[in-house]
Every structure is written in C-alpha cells, then in structure tokens.
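For reference, chains read A, B, C and D in written order, and residue numbers begin at 1 within each chain.
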Amino acid sequence: MAAIPWGVMAILLPLAGAMACFLSPRRASPLGLITALGVVACAAGLGWQVAEQGAQRYAIGGWGAPLGIDLYADGLSLLMLMVTAVVGLGISVYSSGYFNREKAVNFWPLWMFLWSALNALFLSADIFNLYVTLELLGLAAVALVALAGGADALTGAMRYLLVSLLGSLAYLLGVALLYHSFGCLDIALLAERMEPSPAVMAAMGLMSAGLLLKTALFPLHFWLPPAHASAPAPVSALLSALVVKASFYILLRLWLDVFPVTAAGLGQLLGLLGAAAVLWGGLQALRQTRLKMLIAYSTVAQLGYLFLAFPLGSNVAWQGALYLLLSHALAKAAMFMAAGNILCFGGHDRIADLDRVAQRLPLSLAAFGLAGVSIMGLPPSGGFIAKWLLLEAAMRSGQWWWVIILILGGLLAAAYVFKVIGYAFTQAVMTHEARAVPATMEWAALVLALVAILLGLVAPWPLALMEIGLPFGGEAAG
Amino acid sequence: MGAFYHDPGIRAVNDVLSVILLLSVPGLPLLLAFPALRSRLSWPCHIALLPAVVLLAVPEVVSIEVPWLLLGTGLGIDAASRWLLAMSVVLWAAAATLLHAPTGQPADDCLTTCFLLTLVGSLGAILATDQVGFFAFSTLMGYGFYGLLVAGGDEAPRRAGRVYLGILILADLALFEALLIAAETIEDLGFEAVRHAVARSPSPGLYLSMVLVGYALKAGVWPLHFWLPLAFRSARPAVALLLGGVPIAIGLLGMVRWAPVGEINFPDIGLIIQGLGLAAMLYAVLAGLERAQLKLLPAYAAILATGLFAIALGTGLADPAAWNRYGDLAHVFIVSLGFGLAGLATAIRWLEARYHCPAMLARQADGSNPWFERWPGAVVRWAARMGFDTLPRLRASWLAEVGRLRQVRAWKRMLDGSERFLQRWTFAITLFLLLGMVVVAFVGASSWIG
Amino acid sequence: MNWDGWLPLLIVLSSLSVGLVIFFLPEERVATRTTLNLTGAVLKLVLVGVIIWGVVHRHHYETRLPLLPGLDLVLRADAESVLFVTLSSGLWLVTTVYAIGYLEGSPHRSRFFGFFSLCVAATVGVALAGNLITFLLFYELLTLATYPLIVHRGTDAAHQAGRAYLTYTIAGGALLLVGTVWLYGIAGSLEFSYRGFVAELADGHRAALIAIFALLIAGLAVKAALVPFHSWLPQAMVAPAPVSALLHAVAVVKAGAFGIVRVVYDVYGIEFAAGLGVTLPLATVAAVTIIYGSMRALFQDDLKRRLAFSTVSQVSYIVLGIALTGPIATIGGLVHLVHQGVMKITLFFCAGNLAETLGIHKVSEMNGVGRRMPWTMAAFTIGAFGMIGAPPLAGFISKWYLGLGALDAGQGWVIFILAGSSLLNAGYFLPILYAAWFKAPPDTWPAERSFGRRETAWALLAPPVVTALLTLALGLLASAPFSPLQWARSITTLEYAP
Amino acid sequence: MSHVFLYALVGTGLFTLGLYALIVHTHLLRKILAINVMGSGVFLVLVALAARARGAAPDPVPHAMVITGIVVAVSATALALALMVRVRAETGRAELSEERPE
C-alpha cells in the first residue's frame, strides 16, 4: 500500500479514462463515472500516504530533480487534489444526467483530460511542468466551453482561449528568465538559489501578470463572466470551481516558495485589487438579470477574497485563503449545477421569472441556498471558517481595512444570494408533475453544497492537512 | 400523654383549616369568575360570599403566611378588618341581589365575571396583611370595577369608565413607585413594618406623597375626584350601591394602612392636607348645591366625607400622638361611610324609580361640565397636537426623501458603463500590460529598498 | 458511557433532526409530520427536564467539539442557558401545537415545519452556546432558518418583510462577527464565564474593549430590536401567527436579548462593564426604545403591528435590567426574558385566532369580539394586563424587580421610564380590551369560519389558554422554588462578586 | 554585448510586437497570428538563453522546453483556428464582439 505511487496514478487514471471514453463513445458515461471513482480513490490513497508519511516526492523515470520531471505532494497540493476529486466526482455524476448522447461523446474525454491536467498541475514540482499542465488545462477548458455551441459560447470560448494563451506565454517568458538566472526549474531548488536581480523581477512581473490574467483578478476579469455563463452547466461548475483555482495555485506556490522577496508593496497592490474585485464583483452580481451571470460575477468577487491574503502574509491568512478556495470550489460547483437544473427545467435563467421554476425544484434551490450560505460566509460553512481566519489575520496584523472589505463582500453576497432565494417563496401551490430534471442532477448539487457546509464543522482536519510539508513556511499554526 | 399528643395536632388542624378558609375567601369567587365553572350554579354571586361569611363567624384572629404566592404574601383577619369584611359582605350580598332582582333575569356573563373579580379584589384587599398583596388585590378590584361600570352600558357609563380607568392607571403607577420605595427601605412588606421603617428612612416625604396621591385618586378625594360624580350618575343601582363600600373604602383603607401616620411628624404636609380636606368639604357643599342633581348627591356626600377624612389624616400627620390615640376610629369611619353611601345611593335610586323627578335634573341637562372636569381632555388634545401627531408626519416626510433618493439611477448607469468599459478587449489587455509593469516596478522598488 | 457530555448536543439535535426529516416528507403525510413534530418537542422538553435536574444537582453538562485550532464548539448548560432553553423549548411545544392547528390545510407545510424545527434548534443552540463563536454560529443559523418562515406566505408584503429582516440581521451578524474576531485577537479566548473574562485585559485595551462592546451590542441589538435597529420587527408581522410567536417570544428577539445578557455578564462581567462606562449608554438606548416602541404602538390599528411595537418596547426591559448595574435589576431583566416570552406569545396566539377564525386583523374590527370568542379574549386580557404590569401577573414581577433594581443602582430616572411605559402600555392595550368586551359586536365578522360548538379549533385555543394560565402562575407563584424568579436570583448570585 | 543577448532581445521584441498586434487587430486570424508571433518570441529567448558560456555545448533543457512549447502552440493554434471557423459560422464575422452577451 505504502509504496503505490497514488499521485502518479491520479494523473494517469483520468488520462486512461479519457482514452477509453474517446475510443468507446457509446459507453463514455459509465466509463467516465468509473474513472471518477478511481480518481477519488487515488486522491484518498495519496491523502492517507501524505498524512502518514509526510510530503511525497516522485521522480518520474528515475531522473531526479535538475534534469528529470519530479512530482511533489505536500499538504497544499494534496488538498487541491482532494477538492478536485470531490468536485470532479460530483460533476461526473451530474454530467451523466446532463448531456445527451451526442454531447456526451465530446464531453467525457475532454473532461477526463482536464482532470488529468489538473491533477498533474497540482502535483508538478517544477515551473515548466506547471506551464505545460496549465496549457493543457486551458485548451481542454476552452474546448469544453465551446461545447455548448451558439454564438455566445463560441465567442466566450474564443476570448477565453486568447486570454489563456496570452497568460501562458507571459508565464513561459518568465520561466525562461528564471531558468537563465538559476539554471534550474525545480521549485525547491529555485527557492534555494533565489536571489534578487533585474531578470528575476522581470520574471516575477511577467509570471504574476500572466497568472493574474488567468485567475481573472479584477480588472482582468473581463473574459470570465461570458465564458463561465455561456458554458454548459457542469462545465461552468468545473471552470469556476477548479480551473481558475489552478492558476491561483501556481501563483501561490511561486509566491510562497520561489519569490520570497518581501514585496510588501506588491502584496498591498494585490490586496487592493482583490478588494476591488470583491466589491465590484458583488455589485455586478447584484445587477445581473440572469442567474448564471450572477453566479459568474460572484466568482469574480470570491476570487478577490483569495488575494486578500497577500498583504496579510501570515500563516493564518494563507490558511484562510486556501480554506476559502476549498469551500468556494464546492459551493460554486453546487451553485452552477443548481442553476443548470433550473435552466434545464424552465428553459431560461432570468432571475425575475424564476418563481414558477424554483417552486418545482426544491432540492436544487436548497442546494443553491446552502451553497449561498457558504458563499456569504455565514456559519456553519466552510466560507465562514475561511472568513473567520482571514478576519483574524487582518485583526492580528492591525490592517483593519481588510476587515471592512470582508464584511462588505459578505453583505453583497447575501444580497445577491437572497435575491434568488426569495423566489422560492411564492404563493404558487406546488404541483406534482413529471420532472425534466433527473434526480442525480439535483442530488449531485445538493451533496456538494452539503459538503461545503460540512467543511465548516470539520475545519481542524483540513487545516491540519494543510500544514503537512509546511507549504506556508515554518511559522507556527494559530 | 393524650394532651401532649393532642395539643399540636389540634393546632395543625387549625392551621390547615385557616389556610383553606382564608384562601377560599378570594379563591372561590375567583374560580366562579370563570363562566364555565358557574354555569350550573344558581346565585353564584351569593355562593361566592360564603367563605367570607364563615370567616366572619370564626371568632379569633387568624392569619397565614403564603411565601410562595407572588413575592411572598400573607392573608389575615384582625378586629379592624373584621368590621370591614362584615360591611363588605353585607354590601356585596345586597348588590348581588340587586344585580339579579329588578328584572328577575340573571345578569349577563361579562357583568357577573366583572362582579366576581371585583369581589375577589375587595375582599382580598381587606384580608391582605402586606403591601404587595394589598396592591395586587386593589388593582384587581379597580379593573374589575371598571368592568362593572362599563358592562352593558351606553355612552355615559363608558365615559365614566374611561375616566375611572385613567385615574386607576395613574393611581397604580404612583402606588407602584411607593411600593418600590418601601421595598428599597425594608425587606418585609407587612403594613406595620413598612410604616415603621419608612418613617425612619431618610426621605419619607416621597413615599408619603405617592401613597396619598395614589389612594386619593382611587378613593376620589377632592381635587382628584373627577370620576366620582360620573360614576354615580351613570352606574346601575347595584354598582352605585357598591361605590362607597368598594373603591372609596378600599382607597381610604389603603391610605390608613400604607401611610406612616402616627409614626411621623409632618406638620407642613399635615396642614396642607387639612386645608385640602376643608376645601373639599366646601366644594362638595357648593357643587352639591350648584348641580342639584339628585343622583349626584351621594357623590358629593362622598367628597364631603373624604374631605373630613383628609382633615383627620392631616391632623394625624401633624400630631402623631393624636392619631395613635384615635386612629382606630378610621376603620369605623370607613365602615360607616360604606354603609352610608350605599344607603344613600339606594335610597335615591329608589326615590327616582318611584317618583321620576325630571325637574331636579333640569339644570345640568346639557351635560356640560364645570371647568375642573374639562382640563384633562384639553391636556390630551394639546399633547396630541404637540408631539404624537408630528412624529408619524416627520417619518412620512423622511421616507419620502429616502424614496426620492432611491429613484436616482445614476450610480446604476455608472456601474453598467464601467463594466462594459472593462470588458473591451483592447482596454483589458492594456490593463494587463500595465499590471505587469507595475508588478515589476513594485518588486524592483521593494527589493532595492529592502 | 457518560451522557453528560452529549446531552446539550442531543437537545440541539432533537429538533434539528426532526426538521431535516420533515423537509423530505411529502406534503400529504400530515399524521407523520404531526407525530414527528410533537415527538421532537416533547423529547426536547424531557431532555431539558433532565438538564434542569442535573444542573440543580451540580452536574456539569458540556459538549466540546473542535471547530478551529484553538476554538471549540461548546454547548454547555449553565444557569443562564437553562433559563433560556427551558423557555424556548417549553414555548416551542405550545407553538408547535398551535402551528399544527393554524396551518391546517395550507400549502408548503413540510417546508414550514422543517424550517420551524431548524429555527428552534438554532435557538436552543444560542441558549446553550458556551462561547462567543458557538453563539455566533447558532445566531446566524437562526437568521437563516427564520427567513423562510417570514416569507412563507410569498406575498409581496412578505417578501418585503423578509428583505428588511435580512438586511438588518445580516448586517447585525456582520457587526457581531467583527466584534467577535477582534475580541478573539485581543483576548485569545471566547469562553463564557461567570463575571466575564476580559477584565484582566483592561490595561492598554480600554478603547478597543469599548469599541468591541459597541460592535457586539449593535450586532445583537438588531435581533433584540433596539431603536434604531427595530424596524424589521413590525414589518415581519406579515408572517403567519406561529412565526410571529416564534419571532417575538421564543426565538429571534429573545436570542438578541439573551446575547446581550451573555456579552454583558459572561464576556465583560457586569462590574467591569460598568467600570468601562458602557452600561449607562446601553441603559439609555433601552429606555429610549421602551418609550419609543410604546408610543408607536399607540398609533397602530393593525393588531399584530401594535403587538410588534409592544415587543420592541418590552424586550428593552430585559436590556434595561441588564444595563442597570445591580443584582436586583439583573433579576428583573432575566426574569423578564421568560415573562415577556410567555405573555407575548399569548397575545400573538390570540391575534392569530382572531385572524383565523373571524378574519379580524385590525383593532378597529375587534368590537364585541369578547362575546364571540370569550376564551381567546380572556387569554388576551390576561396577557395584556401582564404586559401593563398589573399584579399579580408575570409582568408585575419583572417591573417590580426592575424598579427596585433601578432604585438600588441609584438610577432613579428609570422609575419614570417604567411609569411612562406602563402608562403607554395601558394606553394601547386597554382600548382593545374595552372594545372587545364592552362594545357591541357587529352583525358580521370580516371572514368567519365555523368550528361547531367551540369558538375555534382546539389546537388554536389550547395554546393561548395554557400560556395565559402560565402568565398567571408565573406571577402568583413567583416565589415558589424553580420559578424563573428563583433561577434569576441564583444566576445573580453567580454574576456578582461575593 | 553578446549575440546571445541580441537573440534574446529580438525574442522580447517579437513578444512585444505580438502583444501589440493582439491588442490592436480585431480580426481573429490576426489575433491568432499575433499569439503565434509572441510564442515564437518566447521560444527565441529560450533558445538564446540556452547558450550558457561561449564555446561550451548549449544547455539541452531549454531546447526540450522549446520543443514541448511548439507542440503546445501547434495544438493551441489548431484549436483556435477551429473555433474561429465556428465563430464565423455562427456570427458571420470572425471578430470578438465588444458588447456583453445579454
């Protein structure tokens, strides 16, 4: 057991699944589901391994760090992998009901491919590998967005593709500069050899900008709402929940390990942009008339929270941001799925006409509501724990202005969530008629939302996992 | 051996009996006040009086402590309250008979319930041995009596009831304050203890004035007598009969029991009260002549009598020794006042019913009141105009202002416009470039500085 | 196995689980739902009984689960929580019976009762919370569970009320959160303890502690409906009558007031708070609220609205009692927590009966209703007199201790506030009673439903009668052992340094 | 200044040029070309920086990186072109609309 390279399997299994789905399109759906279960098992195995034995490092092909490709799993990557597994399983179950046969043939291979890229990204230990996985991820994601067809989706996908390529290229240029300066790509080695020079600064600028563009930090969020809102529901879910988080993960890794320059000013800048994103995203979400657009702008706002950790920089703040990332992944996936159910049932997602539909889909609405609780950061939910940690970090560091942003963001979130929830309560009497939405789709959304809520009650475990391998440096917890 | 065993046993039985008896005096009428419990009984009002009659027949001083009731209260009967109880029983029995007799039909539920509740209050107040109990029972008596005045009546009794109710609330407030002051001074709220303790407290004046004002309102002592003529004019015979024996008597009793007269020397206040009493008597005589309405005669007689009482009380305050010597006469006075007013009221009603004397009512036929009965209305109107009306109006105008502000949609346009601007490709990518440069600059600056 | 550690959690779960199951019951399963509801309520009451017994016998009931590193989810039964938990679970049973009768035949009952149970679970959690973060958790849960109940009817007015409720309570929750985090940052602990835990921080953090106090109280004041955060409460009266009962007596408003109790006594400690100089402003706000609420109530024609403004005023009695520094006033405030609940729930039940049976919603339609519905109006009368503070009803006991406490604390002005409020209470309750009992009934009622020989359904009639009798008993038997008054007394001895 | 540095500078210049074109041009084909130019610029920089010291054998790692990058770029371009064709088929123009989809 202990010797099995669970991490490598977590990458290879979905890749194999993608092949299988592609080769046997008639059985794509069950094959995909089986693969999803397998990946969850891999993630669990890796989790057990990491928890028991500490951070894991795999040398692929036995070459070792400077030349070969290394995979590295510490608490941070493990958590990302696990949340991907949980959300991925949910999305797989949901998708098995969502797509008709024709679309499913295209969806499953792409989705498995994307999952593989994601897992590889979270396990990559060198910055060029990160580039490759980032590109793979981007291409798969763009193709998935385009799956919906129609002018909106295609334009959104095109825009997304261009942005994604631009961001990746900027990142790659940074990689080139770093390699030139230090002659290595491995993150751990880079961290050892790092010393400030103009080339490093340029690299940092390029890489950060590229990743920020891909993470859609305000004001670079322009591509996100159209792409996320026009994609099919499960794709929106995985884009908002997982794909944007991947580039944030890289930024976090670089920031924590590779660039340990105490760039206080830059941290404040990112924090400011994050704050602007929180407020702007919240306001725009409130202004939307379509449900999926609302959720997409909510993602913009929630991504802003993640950047509030940068100016704080303490262990607690990183924990908070990461916890927000986890709970947002779950909650946002649930939200998009619920929106997908509503869209599927009613044929539209105009918020003002939701009442009739919302009445008939109590489970989806419950999922939306529970996910909303986490998005708002109300207890008991993962969002609350995250917000609490961020607030605590802000209070401890004396930077009380971030407290105001956190609170205002929560209020805005409450406003836009309840704008939707309110429609569930109308005088219309519930009628029993055949549902167009399969039960799996409703339950997938509800279960993910419940997990997001549950994250608020089991916080000590994920927080303990985060500490494995000390991704946030040696600072003591708490 | 037998006596040794027997003696405490008898005492225990006695104790149990006295508890049951004393509790049933207010308890039985309270139970009967529920319409469902008396629906099968004939003469429920009379039955309700039975425990009191039995208690009167017990020839000894009985008292019990009920620590679990309210804030820990007690009930008991002594020589003075025995007289009062006797008076009450007689009056209540008469009133109960009147309530049924004239038309031969039983009174309606609402009226009977009010009657019984008032009965509970008045008997309980007489038996109460501490201030809280007295206060509770007298309040019940007051509200019950309000019901008696108003029930089944037309506009005139309603008006009397309204005025009485207002008086009652004010009186209860004043008495509540007095009670608080007393409780602040001493833990044990028995009458004697409070009188004693308050007299020795640093500020007995506030307590005294609260008590006097409170009970003067309840008993209709001039100049706080507004409700008395109204009540006498409009009350039905049974209720008019009770007016002297219930609200007035209990009010005066309260004054005697609560006020630390005889313990305290207050010549100034005493003099003032004496003066007021004298003025009351004068007023009663004048007004009685002025408003030669036969029906109102008992009202002015009551004012006259309470004026006399006030003079006595004032004397007691000025000269404690005199009160200690003659103070017991107060109970006798109250009892005779109750009987006298009841007799007077009944006699006049009887006369009226017998002879119909419209001429005697002529001078006040228009129903207008002398000035001293008009000022409360004026105060209410004035207050309404000053404050209560303007508040909602202010709020309305403020809401209108907020509503107007909400109409401004400029900020919404601003939000939409800037988002569209942010979403333009060229602009967005330029921002991206800018961000890259700014990041480089920041990192450079901080690494060179740091 | 030692159950002492799980009992508080079981109390919360007894209604939480019922709520969750009910959500998934089909609409038609009336009998199952009713059984579940009543079983949950009775079970909870039994568990509370066990806890009362245990607390009296010095058992220590505490459930402690890790929530965050260094912060636990603590449910603990101490003297205060027993007071509140008894109130809410007792009244919940009554309210459940009432709600079953009230909602008979109306749509969305599974949803309603589901949230209803959640709401009570949250309230019990608030009551049993052993530290500020647990309190906060259940406090926010309460907000979320109540919203669906307020908008249950789905009318525009209901939606508007729901929006107002959310706006106020979520903003209030945010303030509370900020205060809590800040306090945690300074003190490093949030555990409630008798006489508070912040006193040793006084040096150097004085200003911060005052600011935190203001934040916490402002957050709680929203639910306790203190002026100027009160305006959601009168709007929320559009909700069905059981919900109003829940809002005004059992759960929401009480949670706010109870939170203030916790902050003043168990976070700051009353003596330390008085030393900081924060209690006098709180008392002032409470006094203003008392008078303002009563004045507004005076001008409402809508019966439930009048009652709602009355709640605004009455709940501030609790706050006033807390803010007046002195053991006697504390007794008054704590005992009013229970008494107000019992009295106000009676009034709302009666108002609901009038609306359900006769279609009466306005005071001006109540002429002569006492003849048509004598039991209901008798209960209403007792409740109203209790509110006015007439002896020997429950309200008298509260007012008595408040007044005495004010004198004891040397705050004579409070007496005038109490007097003025009593006057105003009488001013808005007595006309109702007068009209109901003594005016002639109209020929037809706005929307009459017939219930045969009874004046209304038994499930609607029994609850107000029971709570009215309770109002009477709480006053008459105030000095009996185990009465709320005695509990309040024993709490007070714990909160003041010997 | 070595010729290596010159190559690197040219690479950076290409990158910038591509970025400029990406911003300025509206036609999607031109944008895709611009991305490709940018990519070439980056690859040029990589290859140039592979020459560590004069005369010594060049570092193989950047070459491997460039090859990988080219593979990625080719597939990305293919996807982009396919998308462009679909966009043109759906909207009639091979451009990104600046208006928000409503």
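Worth a mention:
Rule of thumb we're sticking to: contacts are C-beta pairs under 8 Å (C-beta built on N, C-alpha and C of every residue); 3 or more make two chains touch, one makes a residue touch a chain.
What you see is a predicted model, and the numbers here were worked out from it, not measured in a lab.
Looking at chain A and chain D, the chains that touch each of them are B.
Chains that count as touching both chain B and chain C, per the definition above, are A. With centres defined by CA atoms alone, the chain at the far end from chain C is D. Across the two candidate interfaces, B-D and A-B, the one carrying more C-beta contacts is A-B.
Rounded to whole angstrom units, the spacing between the C-alpha centres of chain C and chain D is 67. Chain B and chain D have Cα centroids separated by 93 Å.
Put simply, the C-alpha centre of chain A and that of chain B have 70 angstrom between them. Chain A and chain C, compared by their mean Cα positions, are separated by 42 Å. Residue positions of chain D touching 2 or more other chains: 19, 22, 96, 100. Annotation for chain B: residues 419, 423-425, 429, 433 touch two or more other chains. A list of each chain pair in contact follows: A-B, A-C, A-D, B-C, B-D. Considering their complex, residues 12, 15, 19, 22, 28, 31-32, 35, 38-39, 41-42, 45-46, 49, 52, 59, 61-62, 65, 68-69, 72, 75-76, 79-80, 83-84, 86-87, 90-91, 96-97, 100-101 of chain D touch chain A. Remark: chain A residues 67, 128, 131-132, 135-136, 138-139, 142-143, 146, 149-152, 154-159, 161-162, 165-166, 169, 172-173, 175-177, 179-180, 183, 185, 225-226, 229-230 touch chain D in the complex. If you check the complex, the residues on chain A that touch chain C are 362, 366, 373, 376, 378-380, 384-385, 387-389, 391-392, 395-396, 403, 407, 410-411, 414, 418, 421-422, 424-430, 457, 459-460, 463, 477-478. For chain A in complex with chain B, the residues that touch the partner chain are 159, 166, 170, 196, 198, 200-202, 204-206, 208-210, 212-213, 219-223, 226, 259, 261-266, 269, 280, 283-284, 287.
Only residues 412, 415-416, 419, 422-425, 428-429, 431-433, 435-440, 442-447, 450 of chain B touch chain A when the two sit together in their complex.
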